[in-house]
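First chain A sits with chain B, and in the next complex the same chain sits with chain C.
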Partner chain A sequence: MQIIALKKSFGKTAVLRGIDLTVPDGKVTAVIGPSGSGKSTLLRCLDYLEKPNSGRIVLDDIVLNAEQPHKKDILALRRSTAMVFQQFNLFRGRTARENVMEGLVQVKRMSEKEAGVIAEHYLNEVGLGSRMNYYPRQLSGGQQQRVGIARALALEPKVILLDEPTSALDPEMIGEVLVVIGKQAKQGKTMLIVSHEMDFVREIADEVVFMDDGLILEQGPPRELFLNPVHERTRQFLARVFQNFDYAI
Partner chain B sequence: MSFQFDFPFARRAFAEALLGIPVTLSVVLAAFLAGFPLGFLIARCRLRRTPVISQILTVYVSFARGTPVVVKILLFYSLLPPALEHAIRVLGLNFSIYDLNPIVYAFIIFGITSSATYSEIWRSALNGVDSGQYEAAVSVGLTPFQAYLEVVLPQALAIGAPAFCSSTLSMLKGTSVVFLMAILDITGRARLAAAMGYKYLEAYVVIFLVYLTVCGILEQVFKLLEQRLVRFRAS
Partner chain C sequence: MGKLFDFDFLLEAFPKILRYLPVTLEITFVAMIIGLVLGLGIALSEIHNIPVCKQLGQGYVAFIRGTPLMVLIYLTYFGIPLMLESLNRRFGTGFNTNAIPPLAYAFVALGLNDAAFNSVAIRSAIEAVDKREIEAAHSIGMTALQTFKRVIAPQALIIAVPNLGNQIIGLIKGTSLAFTVSVIDIMASARIQGSRGMRFVEVYIDVAVIYWVVCFLTGKCAALIERRLRRSELTAPDEKTLEKNDIYERNV
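Entry: the complex of A and B
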């Protein structure tokens, strides 16, 4: 996936001020940066949940030009990507299995039976084989997020977008969700993840992108970026998050 | 003043009033079939703040909701037929508007009123559905239309069901004023019987009981529908 000169403002405030980024196939790209730097907005633009003002998003043969977006391209882009939300956003009133089946039945036009088999496969994959028929409200936050991940995986998207998938979770549930994401990363799924879990990012990311104030300030493999940040802003940010982390222990 | 309740007469008035039930229900049904989807469209336009249309609809809704049905009936029924008659004559059509069954006016008046009432319920119900639900649906690849139909609507219906039910029931009771247009609904039939027998109290007691029963049944129908939506409601 290629993002070219992507810009987005809310009214007069420019939130993305020209993002150029390549998300390589089969790799995990992590986006870090201070609050309000535009990380969520970037991910949301990639699924067209937010309408970018200018720039292009290229994914294989899909070219979405933000200035002249075609409905067909928006749909194609959404169908080649899948979002894992901070607040899970599981479909209310649908069981875990039905949540995963929805896209398969409505979009991929599978029969209920086929979709059910695939849903069960992916729910097993995230360790929820025993919770297939539970409704979201009957599941813990960690379990809900794992359903959210299964729902994204089942669509076999080209890119999985994860926006702080663990930040709405109680601390004791973060681990189980990170394990599931880590497992998928090792299987070579293409991911773009926003996370404040620096240890996790260091472990699974192939490339780390530091965003500040609507721009990508620098990027590189985690070891380089974490150990030898070039920019002062990056250094300050890393010092702050690692210090907080120490406090937490 | 001595008074005796005339049971045989009440029984006859009751039989008369029952004949009015289909008429009453047809007004309610017509108003529902028109007002429910129309109310949804009005709510969507207003929520999306479509310029101009949205403002026009706001005015429409406050007029339709802010005036008593009786007044609308008096106004429509005295204004519309002469106006239409004139229009027909200008167009050179061979048709008298006065041949038109007045129930058509009832359909229009209650359709307008209920579209406004339902639109307000739709508005708060649609607002009550977390925007993350729509986002998740389109992110899964559903078209905006599918996302609405599959994900947003069932939840909005679940939220709005009690209000849809109570406003439909009060509309049913409100249709009793159509007797003003000489429509023989429940009230119209019973009043006719009363006038012929000079026994008003019996007739009014009968009307009272018939509405109570019909409303009770309709309420149960809504309850059944509501149960099917219960799982979509926020916990």
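Entry: the complex of A and C
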């Protein structure tokens, strides 16, 4: 996936001021940065949940030009990506299983039976085999987010977009969700993840992107970016995040 | 001196009045359909900001809200023939305004009135649907129509049902004005029976009982529908679900 000169502003506030980024296949790319730097907006633009003002998004043969977006391209882009939301965004009137099946039946036009089998496979994959028929409100936050991840995985998207998937969770539930994401990362799924879990990012990301004030300031493999940040802003941010960080490895 | 209150007369008139209940229900049903379809149209044009339609809708709602139903009924009763007549004169069309049955005026007037109030209920219900679920639907690649059918409509319906139920009750009661345009419904029939025996309190008690029962049942229906639709939001999984889980867990 390639993002070219992507810009987005809300009214007069420029949130993305020209983002160029390549998300390599089969790799995990993590976006970090202070709040308000435009990380989430970037991700949401890639699924066209926010309307970018200019720039292009290229995914294989789909080219979405933000200035003249075609309905067909928007739909194609959304169908080749999947989003895991901060607030899970599950369909509350549907069980875990139905949540995963929804896209398969409605969008991929599978039969209920086929979709059911796939849904069960992916719910097992995220450790929720015994909660298939529970409604979202009967599940804990961590479980709900794992349903959200199963829903994204089941669509077999080219890129999985994860928008702060653990920010809305209680501390004791963060672990179970990160384990699930980590497992998928190791299987070679293409992911773009916005996260504040620095230890996790350091462990699973192949590439880390530091964003500040609507721009990408720096990018590199986690070891380099975390240990030898070039940019002053990156250093400040990391120093604040890793206040008790032990640099001895 | 005769009796002040004739209970026998009340009982005697009751079946005669009840015989016209189908007319009352027919007006309610047809007006409800007109009201729902038109109301949904107005609501959608406002939500999707469709130019012209939106302004027309808003003006329409404002007008109906500020006009008594009785006035509206008279306006349709005298206005529609006038309009048709002017068409006849201008284009030589041959509408026979005398052939329009009174019922038709009742359908139109009550339907138009209902549409305005329904549109408000429908719009607020659609706007109350969880935006996060709509985003989720978009993110998995659903089209706008699929999103409406699968996510927006089912939730909006749950929110709208209590309000729409009240609307229908209002509509049922509103049909009692149809007698003014010479429709013979239960209200008109009560008036006829009353003047026949010169006993009015008796027949109006009859008619009150009928309206009350119909409205009561309608309210119950709305509550039942709402509960059915909310099924999935109950806290505990229902027994069938639990059973499936037990079977699953035993097999694992």
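Everything below uses one rule, namely that the second predicted complex is superposed on the first by the 243 of 249 C-alpha atoms of A that agree within 3 Å, B and C clash if a C-alpha of one lies under 4 Å from a C-alpha of the other, contacts with A are read in each partner's own complex, and residues count from 1 in each chain.
The rule is simple: contacts are C-beta pairs under 8 Å (C-beta built on N, C-alpha and C of every residue); 3 or more make two chains touch, one makes a residue touch a chain.
Being a predicted model, the structure only gives us computed values, none of them experimental.
Superposition of the two structures on chain A shows chain C clashing with chain B. Of the two partner chains placed by superposition, chain B and chain C are both touched by A:Arg79. When the shared chain is aligned, chain C comes close enough to touch A:Tyr134, but chain B does not.
Which of chain B and chain C touches more residues of chain A is settled by the count: it is C. Residues 47-49, 75, 78-79, 81-83, 85, 87, 89-93, 102-103, 106-107, 135, 137, 151, 155 of chain A lie at the contact with chain B in one complex and at the contact with chain C in the other. Interface residues of chain A facing chain C in the complex, by the touch rule stated above, are 47-49, 75, 78-79, 81-83, 85, 87, 89-95, 102-103, 106-107, 129-135, 137-138, 151, 155. Across the complex, chain A is touched by residues 130, 132-133, 135-143, 146, 150-151, 154-155, 158, 231-235 of chain B.
Across the complex, chain B is touched by residues 47-49, 75, 78-79, 81-83, 85, 87, 89-93, 102-103, 106-107, 135, 137, 151, 155 of chain A.
Residues of chain C that touch chain A in their complex: 130, 132-133, 135-143, 146, 150-151, 154-155, 232-233, 235-237, 241, 244-245, 248-249, 252.
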